[in-house]
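One structure is given here, and the rest of the page talks about it.
First chain written, first letter: the chains are A, B, C, D, E and F, and each begins at residue 1.
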Amino acid sequence: MTTREDGRAVDQLRDISIQRNWLDHAQGSCLIEFGRTRVLCAASAVEGVPRWLKGQGKGWVTAEYAMLPQATHDRSSRESVKGRVGGRTHEISRLVGRSLRAAVDTAALGENTITIDCDVLQADGGTRTAAITGAYIALADAVAHLKSLDATKGEPLRDSIAAISVGIIDGVPMLDLPYVEDVRAETDMNVVMTGSGSFVEVQGTAEGAPFDKAELDALLDLAAGGCAELTRLQVEALGR
Amino acid sequence: MTTREDGRAVDQLRDISIQRNWLDHAQGSCLIEFGRTRVLCAASAVEGVPRWLKGQGKGWVTAEYAMLPQATHDRSSRESVKGRVGGRTHEISRLVGRSLRAAVDTAALGENTITIDCDVLQADGGTRTAAITGAYIALADAVAHLKSLDATKGEPLRDSIAAISVGIIDGVPMLDLPYVEDVRAETDMNVVMTGSGSFVEVQGTAEGAPFDKAELDALLDLAAGGCAELTRLQVEALGR
Amino acid sequence: MTTREDGRAVDQLRDISIQRNWLDHAQGSCLIEFGRTRVLCAASAVEGVPRWLKGQGKGWVTAEYAMLPQATHDRSSRESVKGRVGGRTHEISRLVGRSLRAAVDTAALGENTITIDCDVLQADGGTRTAAITGAYIALADAVAHLKSLDATKGEPLRDSIAAISVGIIDGVPMLDLPYVEDVRAETDMNVVMTGSGSFVEVQGTAEGAPFDKAELDALLDLAAGGCAELTRLQVEALGR
Amino acid sequence: MTTREDGRAVDQLRDISIQRNWLDHAQGSCLIEFGRTRVLCAASAVEGVPRWLKGQGKGWVTAEYAMLPQATHDRSSRESVKGRVGGRTHEISRLVGRSLRAAVDTAALGENTITIDCDVLQADGGTRTAAITGAYIALADAVAHLKSLDATKGEPLRDSIAAISVGIIDGVPMLDLPYVEDVRAETDMNVVMTGSGSFVEVQGTAEGAPFDKAELDALLDLAAGGCAELTRLQVEALGR
Amino acid sequence: MTTREDGRAVDQLRDISIQRNWLDHAQGSCLIEFGRTRVLCAASAVEGVPRWLKGQGKGWVTAEYAMLPQATHDRSSRESVKGRVGGRTHEISRLVGRSLRAAVDTAALGENTITIDCDVLQADGGTRTAAITGAYIALADAVAHLKSLDATKGEPLRDSIAAISVGIIDGVPMLDLPYVEDVRAETDMNVVMTGSGSFVEVQGTAEGAPFDKAELDALLDLAAGGCAELTRLQVEALGR
Amino acid sequence: MTTREDGRAVDQLRDISIQRNWLDHAQGSCLIEFGRTRVLCAASAVEGVPRWLKGQGKGWVTAEYAMLPQATHDRSSRESVKGRVGGRTHEISRLVGRSLRAAVDTAALGENTITIDCDVLQADGGTRTAAITGAYIALADAVAHLKSLDATKGEPLRDSIAAISVGIIDGVPMLDLPYVEDVRAETDMNVVMTGSGSFVEVQGTAEGAPFDKAELDALLDLAAGGCAELTRLQVEALGR
């Protein structure tokens, strides 16, 4: 049997912690931890939509992902100081927003905009999947806030959203990779799923050797198990 | 049987055209067309590597993707004028570079850098997959150029790389989506494969409804067929 | 008699090629070639004018010039990636726009804006003059498009516009300089003329020694001949 | 007797909390809270100094202050997305760095650079003073780290540094203003002091009416008391 | 008795010169000199206010400070060329604007905006204090211009504003430091006062050793004397 | 006979004033006035050349032109605040540098760089020609400074440089246009000449109607007369 550096089974998540309402001002927020990865997710809900969406009776959900300079082992420069948002930041922000929108009925949301900020306070692998999983908590509370104001038209949330990373290390498919495993993975995949078990995003990348269909299937199985457990923890955190 | 607007079968590629050596200065280049999508791919090969890679005896392959302002139906603003590269541009540039690197033995490449520019002259869906497929042609010629100068250490190319889009439209999985199909797709997937038939990148996104494992499998099958055909056309273009 | 490297007479243009309607979406376009210099010109015509021109019943014509990274012998960095448009790019964009506006009756154009993009796909000297000459083709077709929609007030085009470079090399005035001649020129001049033979722009620069009135006159004569020939080719391309 | 909205005496600090070593990677860090104001301070210590300081045998201490988008009541745009650092951010970053350097013997620090990031996770007034006070904790641990590596030349810390805000509200001088008091203050002052009770920075601003010498003296007295208490809490946090 | 390099007494200002109406277009302007420090101050007064202030019946006063590249001994790069405004520039611009606003009754100003540009043509210490003192002259003339147009609601100026630097050099408090003194100062303070003798801004910084209350008091006394003299010169310049 | 608004003859310059050594730090400087146009020109001379010129034994001369926000009638935004240099600024900076280099023997200059800043303090037409004419004064003094240090190899200045604007207004060619004439000109030309009477730059633009050869000749004649007079004033200012 494969032993991982931190003693987990290959299909086991790291310790997951969700501290809901970590902020006082945001309409929804949580501090989510996947092991030592720590992401602060905050949702603002405001009336109105971007110009290109006006007058269509639909709402908008968007996200911004970023990392504090000292989240990683070696301090990185601030994107604000460099004057430009990096490609990785852009890419993950788009992924988070797209993933959440898959669970939202924008017509039911009404002409409101929910912006979710996911700031990585500490990074140890899986920051984008922790961000998505935590962002859903913030989103759910922001939607509840709008509903309490009668600002929606029915239920804007069609499902819940969770995400997990999987990868192949030394030929073995594994769930929820910390940094030390991530850098060694031949194939790395991020999977976003609904609470009801469908796929929202599947992003698999051959970092080392290309992968075949059997490996892909094994990774998707692992991810489905992980997302199901995350869904359970989300339900618990939201007290439902 | 499903009829597509342009009369193709669901598993049929658009007309593919590869005009190799379209430029005089680049070490490798082609104008590639997937139907009306037209991408100019150019590879420069220069001695030396970025600072962070120096002294490791390895080469580097990177890519930049961009779109001319009038490539799309409505003119878009230039990113140079806006002063910043957009998220989509960043994301696709990274995808193209990563995909090509999967075929390259950087140690054999030696301390040389190949930069591949993929400029979309006209866009009609599938610009990123055309870019990757054409970029491989430019890469192959740039590598051949380096080999002719005895600047490599053996064969830097381990395999060829091709890419195609697939999607589900009205419940039917289809290959190589033009713009009119792309905007209607419930699920949209870009698949990058090696000439020998393994996966390099699988990026599936639920644009409308989430998708299940059976749909994912059907899409991957279609993509494998498309990539095999593109590989054949690449071999032909390279005169091998 | 002076022999040029490419065998041309001193008052002879390079081979000129104009492929009209090279793009499907633009309201006017052409791929223009002055020898190995290759510029893609595309015109978009949209209703409305910039804010500072609103309510005056006049239209606007503007241009943006740019060069692909691998248009030149050594790859240059993208201005979008550098985050700023360079001085040369700015200067030529302004020249192209100003030159075209000299042929346009903005009142007859009505409150419409035509934006012409000139993207240099390959550079071998004379890119700005090829851009202006090709931009006129794109402009003419965009104007025709507006007229077909009854969106103008009479004929917006008062004349045609063409441009050519001239220079003094080893004391000899020459027409239409490719890169190898351009770098050796003591004096370099770009001349923009109307189809009816008047001057729109005269920009002469002493790159080496200052020049005198006789040299200036000789250069202007050469340019007039070149522009007349380009005007003939434009008429031919536009099928008039 | 004056009653404050939160029941404090005019010379009383809010609840202060310092969670030292809140991060795993930074050489020093703390999460500091002044009431609901919550700032994450992290110090990185690296060998080498900026170019302009090279070869002088001296070290460098610098700081960057920033605020998360949802730290405030209404979400603010990210400076990275806007592409520029705002004036307020610049100003406070400079203040934090300058304040800390007042306590550092840069010759004893050796050619090392300590960079302190102060990221405001939640803002409720006094963010710059909380940042300075917490930054000192991170600095002290980063210096201790360098000393444990024998990378310093003697003791780089000459004193400790703490900071507090004071202001005049309805004519009454008060200590440590939360947001609701800050917006109402006629005069607002930030005072940075050493642990031994000298002034490092005094920045007083008449937001409403100009102030006189007697008011200035009263504010400085209050601030001295507050800084003395903060110094005590710093000593406690550092376990000395 | 302490002798200063330029022979002044410790409480003596440098030669102050105010050339009012140095520009033809601005609604108010002056070239102000504090010794060899030379600042061009220009005020524009335009109808309307920034968006965030609209509809409140109040005006706005703001300032921008900048330095020409060759104002200092060694040429500095232009901020326009670097593409970003530096922290020092930001900080001083904010200080100048805030200082002037302390003298303005924005309700009386009406919905007008006065923008004051302070461009340092030559720098020899005290540029920010010269800027503030000269900016007041430009402001006063711009306000007079608005009043002459009946665009205000009563008198917008509640007081005049002047500013001076003070510092401790070799233990001795001194007034109005030129560059050679400024770089040697242990403590450096900028004091902004109203014509009636109240404080608007007090910004003291320990550049070398921290300072105590007695030193602070001595510096404030010196500054009060200097500002009184500047106020007298302002009255004279404005011909009142 | 044509009367101009300011009473000048058509071939008469405005009042020209050159105040040499207006700055204390620059190696050469002057405040030059063409009527109400007022430009501060400053030259810095430093050892070394840009990287791309290293090791060739040649020097470099470059220029930066800019305009203060309140130089024009309506205040314009600062390019530093906008974060980008405008096209016009770029274009004129390039023109000034190119014009001066025409008079410089870069080999004789040795590996030194002279940077000339031309800052328009007040604009009333002809700012670029005043900038070039004044820049030559600053250049001459900076060169003299380098010669006094024995840092050159012989005489770097081959000639002097002056520039003037000419234009056709209501069909009449005129010299040295102030703003009110400039906006009315059908054709506008800037001419840069050497002291010995040769052309360095000729930039003619049809703002209204295209122009013919006879008009061009008339304008060049006027310009030659104006430049000769400016050359005389430069000699006088330099005390030669």
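Throughout what follows, contacts are C-beta pairs under 8 Å (C-beta built on N, C-alpha and C of every residue); 3 or more make two chains touch, one makes a residue touch a chain.
If you're wondering where the values come from, they're calculated on a predicted model, not measured in any experiment.
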{"item": "Shortest path length from subunit B to subunit D (each step joins two touching chains)", "value": "2"}
{"item": "Label of the chain whose CA centroid is most distant from the centroid of subunit F", "value": "A"}
{"item": "Subunit A on subunit F, rotation in degrees - Cα superposition, rounded to nearest 5", "value": "180"}
{"item": "Most widely separated chain from subunit D, with each centre as the mean of CA atoms", "value": "C"}
{"item": "CA centroid of subunit C to CA centroid of subunit E, Å", "value": "50"}
{"item": "Intercentroid distance (Cα basis), subunit E paired with subunit D, Å", "value": "27"}
{"item": "Subunit B and subunit E: spacing of chain centres that average the CA atoms, whole Å", "value": "59"}
{"item": "Junction residues of subunit F - those touching two or more other chains", "value": "83-85"}
{"item": "Contact graph of the chains (line, ring, star, complete, other)", "value": "ring"}
{"item": "Ring path (origin subunit B; first step to subunit C)", "value": "B, C, F, E, D, A"}
{"item": "Partner subunit F, residues of subunit E touching it in the complex", "value": "23-26, 29, 36, 40, 42-44, 46, 64, 66, 68-75, 78-85, 89, 115, 117, 119, 121-122, 124"}
{"item": "Subunit E to subunit D touching residues, read off their complex", "value": "84-88, 90-91, 93-94, 98, 102, 159, 189, 193-194, 196, 198-206, 209-213, 216, 220"}
